[in-house]
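Read through the structures below before going on.
Same chain, two partners: chain A is paired with chain B first, then with chain C.
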Partner chain A sequence: MKTNNLLLQSVTQVVTFLIFAFSIYLFFAGHNNPGGGFIGGLMTASALLLLYLAFDIQSIKKALAFNYVNIIAIGLIISLATGMVSMFLGGPFLNQYDQYVHVPLFGEVHLTTAVPFDLGIYLVVVAIALVIILAIGEDA
Partner chain B sequence: MNSLVILPVLLPFLIGAVLILLAKKHQAQRVITSLTVLSMLAASVILAVDVYQNGIATMEMGDWPAPFGIVFVADMFATMMVILSSIVGVVCLFFAFSTISTEREKFYFYPFYLFLLAGVNGAFLTGDLFNMFVFFEVMLLASYVLIVMGGTKYQLRESFKYVVINVFASMLFLIGVAYIYGALGTLNMADMAVRIEETGQTGILNVIAILLLIVFASKGALFPLYFWLPKSYYGPPSAIAALFGGLLTKVGIYAIIRLFTLVFNHDIGFTHNIILALAGFTMFFGVLGAVSQFDFKRILSYHIISQVGYMVMGLGIFTPLALAGAIYYIAHHIIVKSALFLFSGATESITGTTDLKKMGGILKTHPLLAWMFFITAVSLAGIPPLSGFFSKFPLILSGMQEGRYIITAVALLVGLLTLFSMLKIFIYAFWGEQKHTDEQAAKKIGPILLPIVPMVLLTIILGFAAEPIFSYSYGIAEELLEPSIYINSVLGE
Partner chain C sequence: MFTIVVDIALIAMAVSLVLCTYRVIAGPTVPDRIVALDAFGLNMVGFVGLLMISLDTAAFSEVILMIAILAFLGSVALAKYWERGLVIDRNPD
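Entry: the complex of A and B
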């Protein structure tokens, strides 16, 4: 059965970017406010999922040619490696370091090791959500 | 502050993640995985030596102080368990190399193998109840994958039950954790112990204790929650069955021993008598199940149940001697049971079946296999001077000393029936007329047997070097029965 998805597809093309932008905002908000890698990741996954719903799986696969399973692995490695850095600096596992740095144009920026850790979680969550949903959805 | 404490968890976790990227190259996976488990074994031995010499080592994650942050605590009990899990991890891996099909290897076998070991080690080393829940989940998720991998019809049916019972138990675990947090306001095990000492182990805490006992009893296969075990361990290939049979139930037993020596130790008349009764039923019904079976792997699976009973019996009697016996028993059981499962895999690779009635005469065609099996089997049954004897002896002795005659009688009877069913395997599979073809008889099984050799040696060593090893487990028992050592090293004086 072929249905006309014009409305859904046109809206998706805009809304996906809005959701994606908001998920990035949530990701960075997570340091001091509600948010963080987990919710940010889920929201990014929902943006991508909207694409899969509006268009067919084949064309999205062409547009986003990622191997999600490998992204899970990369996310895990980033998170664990960030946690392990402190072990080589004499602290315990998962110890965090932060620094205020002055960057031109941005002004005072708060750099923390919690961000790469969260980035790892973000990647794992996005990839796992999509792997699970696609595994169920693709089964025709 | 000791980063070594977390190494047995981090190492397999990190390398497991790396191996996902290398899923296609299974030769590289084999090499990396073997290096990882070997260095994990080395790390756990170094950690155990360090803890033995310098006392309990702790590590506060992210430098958050003890009751607030997550603590990893390596005491003698935990380090011993980590060593055992590493040994089993090494042996089953090398056994898997020669027996596991490439189909399974391609489907992320090695990453999940390593994640499983990370989860097991994490559950042993963590000092926080919620963190223990998380590591249980890591371990169980990996085990779901490993048990269903290959996807035969039987595996799918039985592993579905395995998943359901474990998800249900995990849910109860979470509820128990929530109850504890509601009642005590902390999930750090040392802090829990301090607060229970202050408030007394009142009614609500007894309820929570029993709830958690139910959780770990279903994970550790205690009466009456063992029904899922024999069938689900029958499905997967022997390398995985050996890993599960040796390790997974013991994680549940570890959690029971940890909680009921450290935290819930103020109402022994109530909790520990229930544990003792459970132990008796578990032993008895487990061994009856084994006696009634005619399948190599099923007999072994039922024996896991009966022997889990012995370990819990030691906790129920609750004297240093009994607890030392239980700990010795865990060490003995993990080694011997994994070895026996591997033997069942080796015989299966010769005869193509695990049904005892279709086997026979392996003694003539493969004498080395037969005699190695015989040593391990009589060790399981408790014949001196092998490790099985020295693990049952203190349990029965302390049962007599404490006047627990019924459980002692049950334990003795179960030992006899164990001998009976082990000899049943030996008589049916190894004696008698040769039932496998000459072609099968000519099969060389050297590479399959080689990984099991260290296990057989270990059961002999555990028997002949019983004196130092028993005094080591006696030291562990004394440390467990003196919770203030654990509490002080976690929370500071």
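Entry: the complex of A and C
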């Protein structure tokens, strides 16, 4: 008997965005609360993994045309460049600069150079988790 | 009075987690183990929620969301493996 995944696919179309929103919340909460680039990246990877579970590798590759190995390299470059900016300004490697900026609609916002560093970690974690999962899942 | 009720509920949750662990280890069939693992995840969510009531804090709400999401993903993956024999399809057929 031919079975289909209609229920799982319908639920996935909603739940993926909920998990994705939660991962973005975790990414920005990492400054003063539990969270950060690593755990946000793992949540994004689980949202994409749910897509791979409900649909299949071929359709998702058509929808999300990313080469995950390149994303690892981009993330590492972002992290390293953020660390090296302070070396050109006379500080040590990975020195952090921060500033309070007034943004309309949000009020006082605390901007730090740790956020782009975390963004690099986020990209590396998402890409590595998906590369490992797809490498295991593809040889059926 | 309220703290006693929460403590009794925490003990009941702990016993339930032990029983779920027994079913995961000793379950005669694979679906038994899958359902036991799903119930284990839901029990953990309830356990952390009761702990938050007991400690009078909202600090663990992210933990509850994380456990719920990971338990859902694990249940979906295990159920699909049991029904289809593979976790990730290659072609849309």
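As a convention for this text, the second predicted complex is superposed on the first by the 137 of 140 C-alpha atoms of A that agree within 3 Å, B and C clash if a C-alpha of one lies under 4 Å from a C-alpha of the other, contacts with A are read in each partner's own complex, and residues count from 1 in each chain.
Rule of thumb we're sticking to: contacts are C-beta pairs under 8 Å (C-beta built on N, C-alpha and C of every residue); 3 or more make two chains touch, one makes a residue touch a chain.
Please read these numbers as outputs of a predicted model, since none were measured by experiment.
Novice: If chain A is used to align the two complexes, do chain B and chain C fit next to each other or clash?
Specialist: Chain B and chain C fit side by side in the superposed model.
Novice: Let me test your reading of the model: by the given contact rule, A:V85 touches which partner, first (chain B), second (chain C), both or neither?
Specialist: Touch partners of A:V85: none, neither chain B nor chain C.
Novice: Check the residue A:I24 against both partner chains and state whether it touches chain B (first), chain C (second), both, or neither.
Specialist: A:I24 contacts neither chain B nor chain C.
Novice: Who does A:Y52 touch here: chain B (first), chain C (second), both, or neither?
Specialist: Touch status of A:Y52: second partner only.
Novice: By residue count, which of the two partners contacts chain A more extensively, chain B or chain C?
Specialist: C
Novice: For the combined three-chain view, what is the angle at the C-alpha centre of chain A formed with the C-alpha centres of chain B and chain C, to the nearest 10°?
Specialist: The C-alpha centres give an angle of about 100 degrees at chain A.
Novice: With the two complexes superposed on chain A, say which partner A:V131 touches: chain B (first), chain C (second), both, or neither.
Specialist: neither
Novice: Across all Cα pairs of chain B and chain C, what is the smallest distance in the superposition, given in whole Å?
Specialist: Minimum over all C-alpha pairs of chain B and chain C: 24 Å.
Novice: Using the superposition on chain A as set up above, list the residues of chain A that contact both chain B and chain C.
Specialist: Overlap of chain B and chain C footprints on chain A: empty.
Novice: For chain A, which residues count as touching chain C in their complex?
Specialist: For this pair, the touching residues of chain A are 3, 8, 15, 19, 22, 26, 29, 34-35, 39, 43, 46, 49-50, 52-59, 133-134, 137-138, 140.
Novice: Inside the complex, what are the residues of chain C that reach chain A?
Specialist: Going through chain C, the ones touching chain A are 59, 62, 65-66, 69-70, 72-73, 76-77, 80, 83-84, 86-92.
Novice: Could you list, by residue number, the parts of chain B that touch chain A in their complex?
Specialist: 1, 3, 6, 10, 13-14, 17-18, 20-21, 23, 59-63
Novice: Spell out the part of chain A that touches chain B in their complex, as residue ranges.
Specialist: 69-70, 72-74, 76-77, 80-81, 84, 87, 91-96
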